[in-house]
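Would you mind keeping the following structure in view while I ask a few things?
The first chain written gets the first letter, and so on, giving A, B, C and D; residue counts start at 1 in each chain.
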Amino acid sequence: MSAALLQYLFSGLTSGAIYALAGLGFAIIYNASHVINFAQGEFIMIGGMASATMVAAGVPMPLAIVLALLIAMAVGVILEKFAIEPARNADVVTIIIITIGASIFLRGAAQIIWDKEFHSLPAFSGENPIAVLGATLMPQSLWVVGVAGVVIVALWWFFNRTMFGKAMLATSHNRLAAQLVGVGVKKVLLASFALSALLGAVGGVVVTPITFTNYEAGIMLGLKGFSAAVLGGLGNGTGAIVGGLIVGIVEALASGYLSSAYKDAIAFIIILFVLFFMPNGLFGKRGTDRV
Amino acid sequence: MSLLQVESLSKEFGGVHAVEDLTFTVEPGHIHSIIGPNGAGKTTLFNLITGVYTPSAGRVLFQDRMVSGMKPYELAAMGMSRTFQNLQIFFNMKAIENVMVGNHLQLNRSFLPSFLRLPGVVKGDRACVETCVELMEFVGLGKYLDADAASMPYGALKRLEVARALAAKPKILLLDEPAAGLNATESREIDEVIKRVAASGITVVLVEHDMKMVMGISDHITALDYGRKLAEGTPAEVRANPDVIKAYLGAHA
Amino acid sequence: MNMMTPRTGGLALLAVIITVAPIGFTNTYFYDVAVNAMFNAILCIGLNLLIGYAGQISLGHAGFLALGAYGSAIMTTAYGVPPIAAMLISATVVGLIAFVVGRPILKLKGHYLAMATLGIGIIIHIVLKTESKITGGPDGMSLDNFSMLGFTIMGDKMWYWVAGVLLILSAWLALNLIDSPVGRALRAVHGSEVGAEVVGVDTSSYKVLVFVVSAVFASLVGSLFAHKNGFITPDIGSFFGSVHLVTMVVLGGMASVFGSVIGAVILTLLPQVLAAVEQYEAMILGGIMMGTMIFMPKGLLPSILASLKRREAGR
Amino acid sequence: MQKLFKWGATAVVAAGFCAVAGTANAADPIKIGAFLSATGPASFLGEPEKKTLEMYVHKLNKDGGVQGRKIELVVYDDGGAGDKASTFAKRLIESDKVDLIIGGSTTATTMAAVPLIERAGVPFISLAGAVVIVEPVKKWVFKTPHTDRMAAEKVFADMQKRGITKIGMISEDAGFGKSGRDQSLLVVKNYGIEIVADEVYSPKDPDVTAQLTKIKNAPGVQAVFNFGFGQGPAIVTKNFKQLGIAVPLYQSHGVASKDFIKLAGPAAEGVRLPAAGLVVPGQLAATDPQKPVVTAFKKEYEEAFKSDVSTFAGHAYDGLQIALAAILRAGSTDKAKVRDEIEKTSGYVGTGGLVSMSPTDHMGLSLSAFHMVEIKNGDWMLMKD
């Protein structure tokens, strides 16, 4: 029975690491701009689709991956520049609709530029499962978990040890004050979109060998990423990671022990339950409203 | 009998005492001012009294009833109303509608009559408009009767909050820095309004930095510093208190 | 009450448009699309009370729509309940559900509320999809015409007039509400919760109230839609359905009853128009959504009215 | 047309509508309408179906049409949504005034359109799988693909032959898989087989090892049967291999396209499934009447689109052929006559099998239309009976 439990945890870890990477993109943009970018899933899709189609066309994999990341970053920058920036002072709901519009637009563009078929990338380290205490894990799952870990460390370094990263963090705490001490808020917003697009695309590349990708692959990942980010507490990177892992593991355990038909519902019930008691998520800021 | 009693009231935020072991009473019909330097805990005190925050310790009695832990809207029904240092205007509504919301408790609040626009609701609203026009004129907003709240200047919005609070027909009115950010003329106008409110029998609790105004209109003053009571008494007594001079007025001297 | 108030003037204009529009309808397909547009408009009027007036977002209202639709379908087909009774029972049950979940959920703010309502919608969708013995599962279920007192609503033309009358009624009720003590309290909740509280508005109850009202609107529309189409699938309750509804409200104009009507009509017609451009449909739809919200962040109707006002003032 | 423009919004509809119908000037063409799920979760059904219809209509028109009449094809994309499908069906009937409708890529979109098609009385050939479409028989409704029940029966028959009595079932919780699962549960007892584990997954789940572990640990499982389409079955297949489950894996006809083998890679080796002759034209017996038909269709499709043919494209091909043959026999596009002639379709050799319809059978396929195939060396191999 413990082998089964371990297998469920592996399964949850694989899905959870994917959700966590998706959630992290939400957290970064939210931090810099308090915008929830519902097109985050599309960055993941673009990373996967661009790299998979280029590899299929004969481009060497490392080059294809780099190009895919650059394409996604360019899309992120364009999106910020032409859709978010002009509407920066609009209502929360207005910006939600803009980003949903952007996600529909990007899906539409992807189905024309590429196609509607599913694409895959070869697994980075082969397809031989690794056996651990009677359970098995694919090497690619370790890649996803590893990349998620590297991303977290890199982000921590970026936000705490580089000038620009600190400036971004400062902007998230107090936009006006940041402006007063000479931080270019516009530049920070642009960078946050570029960064989260990059992050999304990295996620897209590493998960494509596991889940495959097509022009609609971003929808589900976007939704799960949003759930992960909210569960963890918006704008909190650690929260997004923990939130993603919780959602993934809850789904796997629910499939294993309760009902696979209701595993998504069970995950949402857990999220609702957490929010009832912690209205700002697990790691969200708890400050009292200033009156 | 005191209208409002604050007994050993404390509030901490993550180990920091914003208000600590504070006790004082407000007598009916008075203009009672709370003074103190920035960060002395004045706004926190207001939030504790009006039910926006719950105290960490101590209690508040209003009309001899223990009201700590009650919701602001329940206190409003008992006759307590307030304004805010950071404006809490309904910017999505017209100026007069802001005041009409203040009149909420006096109106028929059942869902179906509103939904079906029964004659009673129409009649009630018509009377409400009249009251609110009077109130706006009372606070000197006569020229904004048709304005959207979002289009009004800061000084007018401050007075709009007063009108809204008055529309709730309070027994006690708490004003949080009503003159902050106003120019001299506007300050004088607000001064007048407060006096007239008090004259109409409403007890006023005032937080204000404008010492000239405070000393001019207050019946009683409580001075705070770091969340604790520093001194209290009539304006003359407080002005003469050495602690107050040192901690507060002294800073200006 | 002169003819120029938004209430009477707008309602009269809406009535005129509904009466005159069929002159242009060359066949019943036009009626069909028009009925769908009006059903969406009714739902959006209710949803706008929640989102636009009270300022509380919901990304789960398609779930309530689906519950109304399935409630009617299941009760009329499996238990022989008369359609009108099934519709009212569904609406009552949906209202109760909204009441029970509304209390804890509406304590949340902003994106957290969006997440919670999204979760509710998705859970409803999953239940409808999974319990196929009752609901027919993802393949959907069929139901009969709407009949009452020996009279049956049949055919697109008859549905058109029914929907038209209901739309005007809904708009009238919503306009009543927003210009009443209850409605002002709702709008005050949007403006400043604490500001409303201190003058006696029990904000959490009002939030629950408007959540329930908007859910009941959705449920009623769901029942009607199910009878009119004769067949429903769980996908009417999907996350996309909810997003589609919110888009109608925001595009047409938040806190604008007639804006909701315009938003609903445009977004119902758009896929029909864009069918001509085939694979470019998604790009154009997404582009229109972005463009409208960037250049008219307040939505179509409020932005147009504001610019008319400015032009008038400029003269 | 002029008075259309009295109302702005109507004008917008009309504008879109004219853009579609604008080219219709040729004298009295045969109008065929289609509503397909060219986008959305079922797009890999709708997309090849749409491409096939367009290709053959174009080809027929180039060759002079049918009975000297050009064919005009109107296709709408319902995105897999039932309510959109019913509105588009109405549009085809009322606005485009088509003579016949092909479509409904999925059971949900088909069934959403059925009530109004029955009311309007237009011949309708569905391309979706579920039994409910033709059972009970509806006057105007026909379908070309094998039913999900047939697929299940074919699979269970094969299991029975191999002495398998206990299986694990895993299915997708969307339309195709859900309906397939329900039909499987209905017929499984007829084959003396017991389903000892019954798990589901969502179409976009990244990992299903949890469900498969549960099946693996169910006592006495001798085979696993997966009902689903899209990338789901490929993930199931990969996870199945990952867990080292030693029993045979059966898939449904939903994966009968080369894409599945590409996605699942080496893990697909040994997977068994029921499929139409279309996927193995070269291996059909020379005497098989289907052989020339499927060989030709595969060649034409793959040359035109540079992608592998799928059985779904074949469903559209069969639908179009059956429709046009019926119109030819009827000698007109009179709807009632065409309907009667479709019902009399007999001995038509299609990509899906031999079709002989009757007043009680609006599909006309038998179990023999399916072949069990196994994936070997990255290609389909006909299994020996």
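Before moving on, here are some points about what is shown:
Keep this in mind: a contact is a pair of C-beta atoms (placed from the backbone, for glycine too) under 8 Å apart; a residue touches a chain by one contact, two chains touch by 3 or more.
All of these numbers come straight from a predicted model, not from anything done at the bench.
Common neighbours of chain C and chain D under the contact rule above are A. Closest to the middle of the protein, by Cα centroid, lies chain C. Averaged C-alpha coordinates give centres for chain A and chain B that are 47 Å from one another. In this assembly, the C-alpha centroid of chain B lies 40 Å from the C-alpha centroid of chain C.
Distance between chain A and chain D, defined via averaged C-alpha coordinates, is recorded as 35 Å.
Averaged C-alpha coordinates put the centre of chain A at 31 Å from the centre of chain C.
Taken residue by residue, chain C touches two or more other chains at 130, 194, 279, 281-282, whereas all remaining positions touch fewer.
Annotation for chain D: residues 38-39, 173 touch two or more other chains.
Residue positions 52, 84, 88 of chain B each touch two or more of the other chains.
Residues of chain B touching chain C in their complex: 50-52, 71-73, 75-77, 80-82, 84, 88-93, 97-98, 100-102, 104-105, 107-111, 113-117, 121, 124-125, 128, 149, 161, 164-165, 167-168. By the touch criterion stated above, chain A contacts chain D in their complex at residues 4, 7-8, 10-12, 14-15, 18, 111, 116-118, 120, 127, 129, 135-136, 138, 141, 207, 210-212, 214, 216-217, 219-220, 251-253, 255-256, 260-261, 264. Contacts from chain A toward chain C in the complex involve residues 30, 36, 83, 86-87, 90-98, 100-109, 111-112, 223, 226-227, 230, 234, 261-262, 264-265, 268-269, 271-272, 275-276, 279-281, 289, 291. In the complex of the two chains, the chain C residues touching chain D come out as 17, 20-21, 23-30, 32-33, 36, 129-130, 132, 137-140, 142, 156, 225, 229-233, 235-236, 265-266, 269, 271-279, 281-282. Note for the complex: chain D touches chain C at residues 3-7, 9-17, 19-20, 38-39, 75-77, 80-84, 86-88, 90-91, 93-95, 107-108, 111-112, 114-116, 130, 132, 173-175, 178-179, 182.
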